[in-house]
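All chains are identified by letter, namely A, B and C, in their written order; residue positions are counted from 1 within each chain.
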Amino acid sequence: MGSGRLYLAVAVGGFRRYATYRAATAAGIFTNTVFGVILVYTYLALWDEKPHLGGYDQAQAVTYVWLGQCLYATLAIQGGGAEKDLMERIRTGDIAVDLYRPADLQLWWLAGDVGRALFQMLGRGVIPFVFGAVFFPMALPTDVTPWAAFVVTLLLATVVSFAIRYLAALSVFWLMDAMGVNQALMITGIFFSGMVLPLNAFPGALGEIVRVLPWAAQLQMPADVLMGETDPLRAYAFQAAWAVVLLAAGRLVQSAATRRVVVQGG
Amino acid sequence: MEDEEAMEAMEAMEGAEDTEAFIELDGVEKVFDVRKKTGFLKRERRRVRAVDSISFSVARGEMVGYIGPNGAGKSTTIKMLTGILTPSGGRLRVAGIDPSRERTRLAHRIGVVFGQRTTLWWDLPLLDSYKLMRRMYRIPDTRYRHNLDRLVELLDLSALLDVPVRQLSLGQRMRGDIAAALLHDPEVLYLDEPTIGLDVISKAKVRDFLRELNTERGTTVLLTTHDLQDIEQLCSRVMVIDHGRLMYDGPLAGLHEVGESERTLVVDLERELPPIEAAPARVVRVEGPRQWLAFPAAESAAVLVARIAAEYPLVDLSVREPDIEAVIAKMYAEQAEKADRAEQAGKAIS
Amino acid sequence: MAEPFGGSRAGEALRAYRLIAGMWIRSSMTYRASFVVTVFGNLLVTGLDFVAILLMFSQVDSLGGWSLPEVAFLYGLSATAFGLADLTFGSMDVLGRRMRDGSFDILLVRPAPVLAQVAADHFALRRLGRITQGVLVLGWGLLTVDVDWTTAKVLLLPVMLVSGGVIFCALFVAGAAFQFLAQDAAEVQNAFTYGGTTLLQYPPTVFGKDFVRGVTFMLPLAFVNWVPAAYVLERPYPLDLPRWTSFASPLVAVACCALAGLAWRAGLRSYRSTGS
């Protein structure tokens, strides 16, 4: 009970922190919208050439693009969420202070990142999506059920996204430099989440592989659930499985890392 | 460009011009348009006079303290003197140059140290930053070497030259920054809070150095500070600025007499009118229907207000206490305490 | 006094740029391992765009009527030109941060042109990764594309790269000027710079006519590669532009620079008069 309140407060803090950057948010909306327009044209040309690529029709491909722009900042697909602060705290040694907090380290950072994601979604993600829906043909359900299922997959996607970035951030305990890790996060995030092309349009064996990696839980799953391309229960199971595996791995690495801090004396 | 060169050549012929007033301000103003948030999306535009008709002059070789509460207009003045900001009105000259129009030419003749921001390269050894200064300011080799040796000696930097700046303590970095600002032999040095955050020994080192610089090279020094000790030990002259106006200009000793002598009555009239006549109060400023009247602090405000209300169409009014008074009172309270401490510190050093 | 450029303003700017960029290079070399990693990472990140194109062509034979070698040619031109600008002017997005933390004032009290100082700020050799990647794709495109090479076409190549680079530089400068108005909105310029290079990597036939009109006449990105490439590849000109426009890129670049320069001056003037 009491601790639930604590994490709620942390999440609210995360939301508020990002909400203060108004101009940056406006700039982000603009940039996401421009990129959305560019991508939509290239996808339309591609689907024109090969209709039903990856099981999508043109309207679905367009929907996928705008969903990608909407979730880009929300899920910190190229990094830049809570893990960035975490890396900085590890690098400077401030993390030692966090270890004495009467809270679970992983949950603490998860709560903050969920707050951030919620703001990025409402403040930055929704407008490009609505813009897309107004100016381009999109395949959106008129029923409430798929939208409800979509919200659930989004929550799970947020957790998986956090779990990946949390693991990456912990590596700084050993590497002591965040540059390389951040770049790796960016490259894998953009490519394996399907920001360059829907994962179900990837060819052959490459396609088979990328569709089972954890990044598939971020954009591809919510998109397919929203557009009725997959059974929601299957999507939940896939996302939840990765969430559990990655969070557990995060805990293991975390305990190894904290032992290290304690041994080194902070 | 050609004009600049021609002027430079002329100055070279005249030699070191010995103008009485090296820094000259005449009715200098700086007005900002500030947008303040008043609601979720609503913003209110307001004009703020950060510097309100300031006039003073500083002779070559003077060492002047420039003090006042936060937001009083100190750094705005410094920024205008260095050419960073363009004044909204008035006349301003440093070494005969209009700073905002000939920023780069002036840069060769001034040195600036911002207490909170460093000009040094974070990841590189201190000496590398000095080498950059040498090339950027085109300092001749022999002069560079001579100046560097001298600065290293006086500021005790010899052990730090090969240390990356990020590893320096705050005091060491400040000394490093001061040296960087002086390598090109500036005629005037602006220091913005040079001793902020430093320990007692570092403060003493910086002060000793500045005194020596001033007597030895005759460098004009203008420093803003919160530390009364800086002023007491270094400056023969103090200027106090508050609400953008110069409240006091003179020796430190005369400060407290002025601090509490006057209050300000701000009067909003129905329309624009000639300056209100209500002795002993005198109008110090008029802006449309608003007028500012200064009156002796001992005088009753109520009597004055009643007199004005009887003769003028009043809309609103407010009495402004001299804010600087609080600052100065505090400064004097601290003065006694600090004098004791400084005496002890002085003993510890010697 | 040694004044290698005779003290002219452009010479001063170049000199200051070189000095400051040199300091940043040396700074980055103090973290050698990190430097190697980021060079490699930069190459990969910028390569993702082309991987996307390859993935598309794994499913289709042409895009908007253009073959893969033709698209690779467009891509190589766009990426290399952008890479040149990114290397020389790519850090101007830190300007807003410098204004907020006050360190911009330090640049203003140095005896060097401010624009040169800002352009050289955070100069990073790792950005060579983007140019390398662009040149590789361009080389592959040139080898595989079906073109009857003439002297004019060969000569047009370096002209395209340089003019394209300059057009992107102008965009970076204009973006920096915008930060004088909105210090937190550095990301807006990404829409034009990164967005610009991304859209030029695809054939103009992919985009809607109004869109192409916009990036030809309003924001003349089309002159980076679309228009001159139409001459080289002997393809229909976007928007039925006349043939001579293929050679107009340098003029467009100069005009862009003039406009960006004016924007920068206006921005700097507003900073110095508002002190925001």
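In this section, contacts are C-beta pairs under 8 Å (C-beta built on N, C-alpha and C of every residue); 3 or more make two chains touch, one makes a residue touch a chain.
None of the values given here were measured: they were computed from a predicted structure.
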> Where the contacts of chain A and chain C overlap, which chains show up?
Replying inline: none
> Of all the chains, which has the CA centre nearest the overall CA centre?
Replying inline: C
> Centre to centre, by mean C-alpha position, how many angstrom separate chain A and chain C?
Replying inline: 29
>> On a C-alpha centroid basis, what's the spacing between chain B and chain C, in Å?
In response: 42
> Approximately how many whole Å separate the CA-defined centres of chain A and chain B?
Replying inline: 50
> Which positions in chain B touch two or more other chains at once?
Replying inline: none
> Of all residues in chain C, which are in touch with two or more distinct other chains?
Replying inline: 31
> Residues of chain A that touch two or more other chains: which are they?
Replying inline: none
> Which of the residues in chain C come into contact with chain B in the complex?
Replying inline: 1-3, 7-9, 16, 19-20, 23, 26-27, 30-31, 101-103, 105-106, 108-113, 269, 272-275
>> Could you list, by residue number, the parts of chain B that touch chain C in their complex?
In response: 1, 5, 30, 32-33, 50, 76, 79, 82-86, 88, 100, 103-105, 107-108, 110, 112, 114, 116-117, 119, 121-124, 128, 132, 135-138, 140, 164
> In their complex, what parts of chain C are in touch with chain A?
Replying inline: 31, 33-34, 37-38, 41-42, 44-45, 48-49, 51-52, 55-56, 58-64, 182-188, 190-192, 195, 198-199, 202, 205-208, 211
> Across the complex, what residues on chain A touch chain C?
Replying inline: 21-24, 26-28, 30-31, 33-35, 37-38, 41-42, 44-46, 49-50, 53, 177, 179-180, 183-184, 186-187, 190-191, 196-197, 201-203
